[in-house]
């Protein structure tokens, strides 16, 4: 099997440059690559185009990149909950492209799977459809949507092995598996990195072929955005 | 008078049938889960990647890896499953969800819905709403009959940017239950203590008023 | 959670009619719905259109349907290894449509996921492209392929629970997960049916929403097509 | 003289590089797995849904749920994974496979390949071949230089129905190793005991013959 393990987050990010397009896994603060985001926010690189479902919160998640003025363009689906992001958006310091969430997911998967374009019903009759090809199948209207093109995918898994095989946990899976292999380089950080052969081949969510570099993350905060409990 | 938000949710819960997979939007729709009738088998899906949402966790048992699309901590129901977002929206797009309940800023006579953007105001994004309304055959809108300015949210045409077209089947407001029909908004039920004149006054789109309109039972 | 369990293969097949289009999981003899095929072969229904990667062998797998003259049209990818099938094909008793295997897989997934059509490079410049729309993306040519429309999906899993959640085993997974939810009705047979709640939600391959009926199969033969061992 | 099938496979194995994910077709390509150079990290993918194919099982340890695309029983390598066919072909279509080795009936000067159908003969289907040749940037064809009738399989144009166009990069036959170039088939190496005249005689397409042609080392 092919080894993908690297020792540090800096090795994991080798080759990243200002102006690149990045896919970042996670949904809000759930399943985000905390170590990679931290390192990017502290790096000298900037002007990224970020593809991610959400924008994080002011002081965590993708918010760290906005706080550090690293993002030139944001492609996302729901970008509330972040004041600095809103300020930059209103001041037109960043360009924002909003996409139906299912379309965003499928555009990542299409990039991963070598599908250049597909039809989806989401957004027909809305401003999302502007400039897009519309076609009717079985009496229903669909938009043609293209696969994303991206330089780095930065994802977070629960467990991984040294060959890049990944297992996610709960709803922290979300966009992470779809972004693996959807960029030129895919970097995965994991809470637990195990030797190759430790994971059941039947239970791997993302085969290592979709991952170029893997490392064990540290200092996971795993912050909860809306702690909600039962009334007792 | 009119229904409270909880009563709107309770009325919508009466639409639940055994065997339904249901996606609940944020806001009033979320409350529907509190009123599932006894003895029916139902599963709630959340588009961030879970089928079979159980109750909120007990204090101290919150798991950061287990949230719903509203980013609230949750627990799984027995028989739940987790999956990636492409499969999650595949369930939605592929019409595997039996009922979608969501909020709206406006609904038109044709069943168009606007619920994601107010021009000149801050836009947070459509999230999964456009996928849901473009794909579901059974969409119920839960909303107040008027907006905070007192303007009707049931309109001839939506004035706000659309989320989807010709998709809403039924609307439950604080004043009434209405179906979207070819002829206009058909009043099916009215809230206790609300008379037809009031519904007429607060409905900008075309209303169809049958002779008998039962009261909403909640 | 919603119960999908039925007690017999006959209950599982209720509503099936002559002339219907069926998707059948499996690759050769690996991961095939043995009980469902047996019941179909013994039923009074016929003139099926079958969508399946392969055609089985003469006396097993899909071969049982050809042997019983149940198939009018076969949509598959590799249909060797079956003499009766070949005879019927050469005698033009059955219509055969051959499709690149990756395209077949993606057409099933598209049906499952509500994608009406997508572009793929497979078959460009070949007779598979005849009559299909061709479009260039980034300098490369792709064909437009449509989702399948089908009445019943008949799949086989290793384990399943009474809510229709499925786990496959090894390479018996193949087309089975893709066909779940890709037809009007999906029927799954499993080697082991467990109570709802017995399976780890994180390890379910196919969520029960894609399955309409599930039952425990019996008399699994699990025949091996090409037994190959190490030279010792 | 010329190479045996095993020698063709052995020569192709020299193309393997550490870090390669490799898809081997049925026939001579399958034999390549027997000659992986010591000390390099490689993983074989099979399009029916496994990454990391190990050796064939020991007698008595065959598992009907573990086969390769040729339907032979296999074992998993350490670090292997199983997946469905859409992901499997996603690996192929998405260019995640570094090397594809497959057999052919004919290859043209342009790199077109025909390997799935002979008109008037029984057609078994293309299986995954069309996906593989349409997607891989690094395709090596393993085949005999001539067909059983003695006709050249390296041609100006393919006479048989195509599997894919302009995709083959290198061909290893019993007589030679040849690269597909804009100018024609470039001889890179020749089999021991095979002279250029013989390669010329059995090559119908345009040949480019460099001054020095090393012998294939196997």
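Lettered A, B, C and D in written order, each chain numbered from 1.
Going forward, a contact is a pair of C-beta atoms (placed from the backbone, for glycine too) under 8 Å apart; a residue touches a chain by one contact, two chains touch by 3 or more.
Since this is a predicted model, take the numbers as computed values, not measurements.
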Q.
Counting C-beta pairs in contact, which chain pair has more, C-D or B-C?
A. C-D
**Q.** Centroid spacing, where centroids are CA-atom means, of chain C and chain D in whole angstrom
**A.** 29
**Q.** Distance between chain centroids, defined by C-alpha means - chain B, chain C (Å)
**A.** 36
**Q.** Rounded Å distance between chain A and chain C, as computed from the means of their C-alpha atoms
**A.** 32
Q. How many angstrom lie between the CA centroids of chain B and chain D, rounded to a whole number?
A. 56
Q) What residues in chain A touch two or more of the other chains? A) 106, 113-115, 120-121, 168-170, 201-202
Q. Counting only residues that touch at least 2 other chains, which ones in chain B make the list?
A. 50, 82-83, 86, 89, 92-93, 135
Q: Can you identify all of the chain pairs that touch?
A: A-B, A-C, A-D, B-C, C-D
Q: Over in the complex, which chain C residues touch chain D? Could you list them?
A: 27-31, 53, 76-80, 86, 90, 98, 100-106, 108-109, 120-128, 158, 168-178, 205, 222-230, 232
**Q.** Interface residues, chain D side, partner chain A - complex
**A.** 18-21, 41-43, 45, 50-52, 76-83, 86-87, 89-97, 135
Q: Would you pull the chain A residues touching chain C in the complex into a rising list?
A: 106, 110, 113-121, 135, 137-138, 140, 142, 146, 167-170, 201-203
Q: Over in the complex, which chain A residues touch chain D? Could you list them?
A: 1-3, 111-115, 161-163, 165, 181, 196-197, 199, 201-202, 204, 207-210
Q: Spell out the residues on chain D that touch chain C in their complex, using ranges where they run on.
A: 46-50, 55-59, 61-68, 70-74, 82-86, 88-89, 92-93, 112, 122-131, 134-135, 161-166
